[in-house]
Amino acid sequence: MPVQTPADALRAAGIACEPSDETLGAVVRLEAARIADALEALYAEGYDFLVDLFATDTGERLELTWHVRAFERHEDLYLKATVDYDGEAPSVWSIHPAALYPEREAAELLGMRFPGHPNPKRLLTVDGTEPLLRRSVLLRTAEEARLS
Amino acid sequence: MEPTYAFDYNVIAAFLVGGVSFVAVTLGMSRLLQHRKPGTVKSEIYECGVEPVGPPWVQLKIGYYLYALLFVLFDVETAFLYPWAVTLNALPLYVLGEMVVFLGILALGLAYAWKEGALQWR
Amino acid sequence: MSAPAPIHREGMHQPVAVPCGLRCIPRGVDELATEHLVLNMGPQHPSTHGVLHVLVELDGEEVIAAEASLGYLHRGIEKLAESRRYHQVATLLDRADYISGLHTETAFALAVERLAGIEVPRKASYLRTLMMELNRYASHLVWLGTFGLDAGAMAPFLYIMRDREMLLDIIEAVTGSRMMFNYSRPGGVVADLPAGTEGKIREWLAHADGWLDENDALLGGNEIFRLRMKGTGVIDRTTALAFGMTGGCLRASGVDYDVRRDVPYCVYPELDFEVPLGSTGDNWDRYVVRVGEMRQCLRLIRQLLDGMPEGDHGSKMSRMLKPPAGEAYAAVESPRGELGIHLVSDGGLTPYRMRLRSPAYFNLAVVDEALAGGLLADAIVTLGSLDIVLGEIDR
Amino acid sequence: MALDRIAGEHSLLFIRSEQLFDLARSNSLFYLSYGIACCAIEGLMSAGGPRFDYDRFGIFHRGSPRQTDVMIVAGTVNKKMAPVLRRLYDQMPEPKWVIAMGACASSGGPFREYPNVVLGVDQIVPVDIWVPGCPPRPESMQFAFMELQKKIRDKTRERLDARADAR
C-alpha cells in the first residue's frame, strides 16, 4: 500500500483539509468540528501519540493546534483549526486520553469549551478568572505591579 | 530504723504526691507561660492547608479492629511472661509446665486467627 | 475558596452523616460495608514535590480513586513570554523547570534557531550538550534523594546532596548561577568554559561513579526498598502511550524512545550512549531506568570532555533578533521527558505565542490511573517515581 | 499569656521569663516545609542539606504547621494559593514568624505583571523577614535566620523600654 500522506488519509475519511508545508513541518488545516473523526482516521494511519494540544489567540479567532506523532516512524503532524471566541471543539479524550488536561487548560485560559470532556472543571486558575491568555487581557502595567 | 507499719503508707503517699505534683507542675507551667490565642481557623482540622472534604467519621475496614485485638492479646501475654521469667529459677519445676500450657492455649488462639484469615491483610 | 467537589462513584456507599460521638450501627453488620474517606493530599505536603493537590478517596488504606488539582503555581510563563525579547525569555524558562533549567533554555534556543535559520558554532553545541548532561545528572540526584525520602530512607538524601553541591559548584563556575543559568541563548552560549573547569569536572567524575554506586547500594540494594517498589504503581505500555508520557516513565514501561537518539539535536549524534529500558512500568523499573540514565550521563560527560573542540562559542547574539513570521517546534530530552517549545512568531521583537510542552504535565496526568488500587503509602512512592516539577506543570 | 495577666504586662518577672524563653525559641526554630517553587529547592533543600546545614542553628523542618514556629514562603503565591497560605498561617501555634523568601514572595518577583500573581506575601500574612534574591543563595537564607534570631531576642529590649515608658 503506497505510503499515504496524512492529508490523503483524511480526504479518504471524507474530511475537507488542506495540507501545507511550513518551517514547522507537515501541517494540515481542517474544520474544528471534524477533529475527532480526523484523529480517529489518523490513529488508524499510525499517528497514535498526542504530543501536545494548545490554543493561540490570533487576534480575531482562536487557533487550536493538535500535535500528533506516528510513534514508530517518528513523524510529527500538526492539525490546526480555528474556532471563534467562546466557541467549542469536540473533545478528543476518547482517542487520546493525554488531551484531558490540555483541553481543560485551553478551555480555561482562552475561554472556549470542549463538549464531551468528562471533567470540565478549571485546571489552573480560581473560578471567575478571565481567560488570561487572550490578547485582550493585558498584563499589569509598571505602576500596578509596583507593590500596589 | 526497721520499717514501721506507717512507713509503708508514707512511701505510697510520697509516690502519690510525687506523681500528682509532677503532672500538676508541668501542666501548670505550660498553661502559665504559653502564648494563648485560640482562633476559629486555628481550631479547624489541618488537612494540608485546604478545608477537609467529607465526614471524618466513616466505617473503616474490620481488619484494623482484629489486628488491634490480636495485638492486645499477645501484649498481655508477654506481660505475664516477664514476672514468670524473672523468678523462674526460684520456683519449682512444675511452674514451667503451667506456663507451657498457658502458651499452648494462646498459640491455639493464634492458629485459629491465622486460619480465619485475620492476619491476611488484603 | 470552594473545596473541589468530592469524587463520588456510583457504587460508593453513601457516607452516613452522623453527629460526632453518636455511632449508628452500619446496616447489616455481617455485610460490613465500609465507607470511603475522602482525603486531601494537598498543596502543602512533604512528599508531593511542590504544590500538587491530589484528592484521594480511601477505603481504609487502599486508594480507590485519585484526582489531581493543579494551578497552585500558575505564574503565566507563556503569557509573560509574549512580552519579552528573544534573549530575555530564558529567564522565565529557567523558572519553569527549576531543577533542570538548561534543558528548557536550550529547547527555546533551538526553536528560535530553527525558525530564524541561525547556524550555531560547533563549540556552542558542545558546551550546550555538556552543560545539559551536567544539569541532567544534578536533576536525577534531586530525584534520587527525594525518592529515598518518599520511601522513608532519610540517610541517602544527605549523601546525595553532598554530591550535588560539588556538581553545582562546577555549574556555577561555568554559568554563574546554581539554578537560574541564562546560559544558552538563541545563537550560542554566553561564555566559554573558564580555565580549570575541565580539571574540576574530571575530579568530580573520579568520585561520581563511586558515589553513585554507594547511593544505589544504599537505596536499590535495600531489601525493603525493593519489596516496596516491585509491583506498585504499575503503568503499562498502552496507558503510558495513551497519556502522552515521555522520558524515564515511558522507558520504564518498555517503550524505547529517547529524543536524544530518535530526534537528535546539538552533538548527540556523535556521542554513543545506551538508552536503559524497563519492562513492567512499576516503581522499581522507573528507579532502575533512571539510575541507568545517570550512569550513561557520566559516560556522556567523559566523551564530551574528550571531544571538546576549540572555537567561538557564539558570542555574537543580537539583542534585536527578529525571526521571520512562522512557527517552529524544538524538543529536548529533559530529565523528565520530552520538553518541547512550540514557538509562533509574527516577525516582531517578541514571540507571538510560546507553548511549553512540559513532560511532567503529561506524566502527571496518569496519576488518576496509577494511584488507584494501591495503598496510600504506595501512592506517595509512585508520585515520587514520576519525578514531577510543579513549576513546569502549572507554567 | 497567663503570666502577663497575673504578674502584669510590665512586671520584671514576666519580662525576664519571656527573655529566657525567647533565647530558647530563637535557638530552636522549626520551619514549615512548604516549598512552593524554585526557592524551595535552594532555600529548603540545599540550605537544609549537609553543606549549608540548617541544623547547626537548631533549625529543622516540620511537615505540619502545628509543630512549627517559622513559615518560610519559598516561591510565588498566586490567587489559588493565597487562601491556603492564610489558612496554614492561622493554624500555626502562637509565637510564629514568617520569612518571605525570594523576590516572588516579597513582591511578586519576575512574575509581577501576571494578574494571577499576588504582589508580595505581606498582603496575606504579616511578614517578619524579607529575603532578596531569585532564588536567594542558601547563605542568604541563613543570614535571614540570624536576623530573625536577633529580632526575637530584641523583644526583651522593647519590653524593657515599654516598662520604662509605663513608669
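Order of writing sets the labels: A, B, C and D. Residues in every chain begin at 1.
Heads up, the rule we're going with is that contacts are C-beta pairs under 8 Å (C-beta built on N, C-alpha and C of every residue); 3 or more make two chains touch, one makes a residue touch a chain.
As the structure is a computational prediction, the values presented were derived from the model and not from experiment.
Two chain pairs, B-C and A-D, are compared here, and B-C has more C-beta pairs in contact (counted per touch definition above). The distance from the centre of subunit A to the centre of subunit B, each centre being the mean of the chain's C-alpha atoms, comes to 61 Å. Separating the CA-averaged centres of subunit A and subunit D is a span of 45 Å. Centre-to-centre separation of subunit A and subunit C, using mean CA positions: 24 Å. Among the residues of subunit A, those in touch with two or more other chains are 124-126, 132, 139.
Across the assembly, subunit D contributes 65, 80, 84, 88, 113-116 as residues in contact with two or more other chains. Among the residues of subunit C, those in touch with two or more other chains are 1, 4, 42-45, 71, 74, 76, 79-80, 83. Taken chain by chain, the contacts fit none of the simple shapes, being neither an open path, a ring, a star, nor a full set of pairwise contacts. Inter-chain contacts, as defined above, occur between A-C, A-D, B-C, B-D, C-D. Residues 47-64 of subunit B are the ones that touch subunit C when the two sit in their complex. Looking at the complex, you find that subunit B touches subunit D at residues 31-37, 39, 41-42, 44, 46, 49-50. Residues of subunit D that touch subunit A in their complex: 79-80, 107-108, 112-116, 119-120. Touching subunit C in their complex are the following residues of subunit A: 22-25, 48-52, 54, 56-57, 65, 67, 71, 74, 76, 78, 96-98, 100-101, 119, 121-127, 132-133, 139. Across the interface of their complex, subunit D is touched by residues 124-126, 129, 132, 137, 139-140, 145, 147-148 of subunit A.
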